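Everything on this sheet refers to the single structure shown next.
In this document, chain identifiers A, B, C and D correspond to the written order of the chains, with residue numbering beginning at 1 in each.
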Amino acid sequence: MPPKLFQSEILAIEPELGDASRVTISVPAGMANEVRPGQFVHILPRGEGTLDPLLRRPFSVMRPRPENQSVDILVRPFGRGSGWIARQKIGASLDVLGLLGNGFSINPSARNLLMVAGGVGAAPLVMLSEEAVEKGLNVTFLMGGATAAALLSPSQLPESVEYVVATDDGSQGHHGFVTDLAPNYVPWADQVFTCGPEMMFRSLRRALEPHRLHRKPPIQVSMERSMACGIGACLGCVVETKKGMSASCVDGPVYDLDLIDW
Amino acid sequence: MPPKLFQSEILAIEPELGDASRVTISVPAGMANEVRPGQFVHILPRGEGTLDPLLRRPFSVMRPRPENQSVDILVRPFGRGSGWIARQKIGASLDVLGLLGNGFSINPSARNLLMVAGGVGAAPLVMLSEEAVEKGLNVTFLMGGATAAALLSPSQLPESVEYVVATDDGSQGHHGFVTDLAPNYVPWADQVFTCGPEMMFRSLRRALEPHRLHRKPPIQVSMERSMACGIGACLGCVVETKKGMSASCVDGPVYDLDLIDW
Amino acid sequence: MTLPDISVDLAPNNPRELRLANPVIPASGCFGYGQEYAHLIDVQRLGAFVSKGITPKPRSGNPMPRIVETPAGMLNAIGLQNPGLRDFIKKYPPIWNDWTVPVIVNISAETVEDFVEMAATLDEVPGIAGLEVNVSCPNVNAGGFCFGWDADMTAEVTRAVRAVTTLPVIVKLSPGAIDIVEIAQAAEEAGADAVSLINTLVGMTIDTRRRKPILANQTGGLSGPAVKPVAVRMVYQVAQGVSIPIVGLGGITSLNDALEFFMAGASAIQVGTAMFVQPTIAMDLIDQLPVWLQQQGCESLADIIGSANPRFRAKLAVESAESAAV
Amino acid sequence: MTLPDISVDLAPNNPRELRLANPVIPASGCFGYGQEYAHLIDVQRLGAFVSKGITPKPRSGNPMPRIVETPAGMLNAIGLQNPGLRDFIKKYPPIWNDWTVPVIVNISAETVEDFVEMAATLDEVPGIAGLEVNVSCPNVNAGGFCFGWDADMTAEVTRAVRAVTTLPVIVKLSPGAIDIVEIAQAAEEAGADAVSLINTLVGMTIDTRRRKPILANQTGGLSGPAVKPVAVRMVYQVAQGVSIPIVGLGGITSLNDALEFFMAGASAIQVGTAMFVQPTIAMDLIDQLPVWLQQQGCESLADIIGSANPRFRAKLAVESAESAAV
């Protein structure tokens, strides 16, 4: 399904993961069936009669809800745009462009999947985990946050997922970074998927480096770049890859970590 | 009471006068007792996290409600700023600067007062009428609007007020302009008070010209100018008077019609 | 009842013409090469579109971050990322040649010779309806001083491009000039078929946590609604000073914005940043403009061009009297 | 624990000094003559304020409308309404003389002689702490070309004013110049104690119903958040080119905005349009700035001035090494 511009209605808002909210928004018929984990929607973060903030903001789909033609997104009120979205109420209307971007892809031969999530970066990995479990794959989900309150509730993940957490303040799980935990799982994992702040990717790469032979397991990463158009026209969101500049809104946001030119 | 900057709460919203709303907003202690008819509040027409629209918008006080420390204003959703205010809900918070401006003044010897209102210009004249009736004065209130729906409900005026209306489409009262009605009342009126679009003032002056001897009765007019500061600093809101440029936010908005240099 | 005529020729003095079915044009850098939006809108219905600025050699553009939002605007420092003239010609004009929408190619260069090379090479390439010469780039032979800030340099580029192509040539002016009318006149005299304005203003925002400019390039080009008053003013002034068509742009997000430019004296408008925000905006304008004109009792778009600019209309009247007398 | 020092001297090379307890200054034209805000804020706590621009003769200003809102900004065409030098001197300085807040008087003129007349007359008037020379007005002897767009004209005005007053002189630069660094350097060399920037950009908006410009004056000065990126960029560039203090302004509405200007290289900031919108903004900044500095572990405001501008800091280091060596 090519990207569409549509008016969406906020169907539900639930607190989740620190000060973030899980927001259920309606989508056009059929869209919830087609979304792939890693794709995102581009939301206009303002109401009628104002031109500021000007640009849309991208949010990864956390969970499709084909049963009522909607998707969940996880919104952290970080700045002006996400703050506005987070302040909206049930029933409010949002101007949305989506679905955009490519998604994570699970290799046909992969059995054991390792997820490494930082903060709201958990969103697309929730969807990926649900899909993997449905396919009968084994999933370990590593989640990091500043405090226990900033972690994803285990209820958001399928029961069969092994959920391991780390907090900066030690209030739950491992006292330290989520990337400290990852090396243990390298021998087990057939693929690694990660989403979160760019600093986390760098330290993940560093942490896993000595444990990976022949760049195995492969690591897929969802990159976060400021975006204007979301459809490949502005070249504002590029990622430097070993094959050159890549517009992360269409060619990404998911990339093979080893392809990124850091 | 010098002007104050305060957070106000919307206590009530009622449809009134076409697409306009009567909005009850809370004010600081004592303010509702001090407001004089013709004074206005200067409202920031935007929420958190946006800088557009940038400037405050002035609204005349329609009715003070000292009993619950609030005032009524009449908001017509005309453009971006007033539209935003009109879309707010009960319980919303407004950033308000007020009270600003001078007010209408009733001469001690005046017994018969003529009000000439166009559209939301009725707001300050409602307050003035209530005050006049309380003082035992006689009030005739001429009101003009495009259609019957655009007229002030008579319930907004004290019972003893004579309420006469005109509509552009003839759907109620006189078929034509409110200014057509005014000349009949000149012999009776000791003072005339008017508020509405500037075109109305000009035609009122023209209509009354042949009936007024020695500029009697005197006419007070509330001028509407785009305003930035509201406190005399920017000189954006001046009115050309026979005594020179006058900042209508502090020296007005109420002027003697004959002093204005048209 | 037929709707008012909104077609426009942006190169009335050029035998090759630049006839557009309507005056709505996505701006350079804001519409990629046209394919990007093809899933969202009917690209063929556009008056035209301007492709992303190309340069003689491929450019990978500036490091990241390249964009940042500002109050009612944005800064960009894309750095003219593009495949370079040769690959560009192979890849895009063949596609456009099968399209009905006229495509205007935006060319950027740091020397007059580079402008000439591109203009000459593109002259006979099928699928290209016109050139937009971006004189807002720094002139490396003038110590980084921008071509478009100087009337003589603008004239030199225009003349050189004019000499090597019969394609309609639109010179795109920079708002950094002190007297934009002088620059527009220089372009007109040197043979430009039309001028477009404005390109971006130069701005910066600082990340106060990291204590450095947000853009890796430090400065970027300011666009969007924030700059609209500057753009309208410049179009209004230029309209009084030149007789070639003007393409107005800068911050257009609505029909009312577009009307401001037409009434200031623009014959066509471009939509840049707003394409990112509301991809349907160009289509909306194409649909709304004739309806609005009809409501106003206008027979054609020409009725409102410069209608808020009496000195422009007076000049127009004199010019048409003169041409009638000939 | 004492809060970090935020005092600043805007005229370090002038024996009369321009010492401010804090670097927050309401801008000219946005604070009247100081009395207007006295009911709302404690004017004496301000670092200083700049009074409305005065001219040699009284001016009644432009016809109405004089202001119009634009996206995240506003246009004004007040037209320098003011009582003229003579009445001004009688009316305001005597009041200010009893105040503790330093008052900077903004002077505007269309000829060098008029600037000289005002500067000379104001030199010994009690109650005035400094002059801000507005070179953004048209020079009638140069066909309406603005003083501040030309380095030589800016130098000429500055030199002439410098010659007749010992008051601290701040030259207020226009963003219409092509190379604002060159203009700032010209002002510095001609004896300015400091520069302030930016004044407004020239803009227009059109009333599409009435089909004419909204402002009676047609064009107006664009100010407010919309222009902030342009202002920050210019301060950043000027900071690399001059050694006198810079007063930064243009669109400041928050502490973060003010910090952008400080980090770009401004020693003090002015707040213009935001005073209209949030009359307490200057007080808020005065309260917030030292707290923020303390949270960041800064000892004084100087720690962050130019902290996002490595070339400015490098120049500063060289200069202080040189002055230590002397």
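Please note the rule applied: contacts are C-beta pairs under 8 Å (C-beta built on N, C-alpha and C of every residue); 3 or more make two chains touch, one makes a residue touch a chain.
What you are looking at is a predicted structure, and each value in this text was computed from that prediction instead of being measured.
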Remotest chain, subunit D as reference, centres from CA atoms: A
Length of the line joining the C-alpha centres of subunit A and subunit B, rounded to whole Å: 54
Subunit B and subunit C: spacing of chain centres that average the CA atoms, whole Å: 46
Subunit B and subunit D, separation of their C-alpha mean positions in angstrom: 38
Subunit A: positions in contact with at least two other chains: 51-53
Numbers and ranges of subunit C residues touching at least 2 other chains: 71-73, 224-225
Chain contact topology (line, ring, star, complete or other): complete
In the complex, subunit A residues that touch subunit D: 51-52
Subunit A residues within the subunit C interface of the complex: 2-5, 44, 51-56, 97, 225-240, 244-245, 250
Subunit C residues touching subunit A - in the complex, by the definition given at the top: 29-32, 36-37, 39-40, 52, 60-61, 63-69, 71-74, 76, 78, 81, 224-225, 253, 273, 275-280
Complex contact set, residues of subunit A against subunit B: 46, 48-53, 80-81, 83-84, 87
Residues of subunit D that touch subunit C when the two form their complex: 70-73, 75, 149, 176-178, 201-208, 211-213, 218-220, 222, 224-230, 232-233, 236, 251, 256, 259-260, 263-264, 304, 307-308
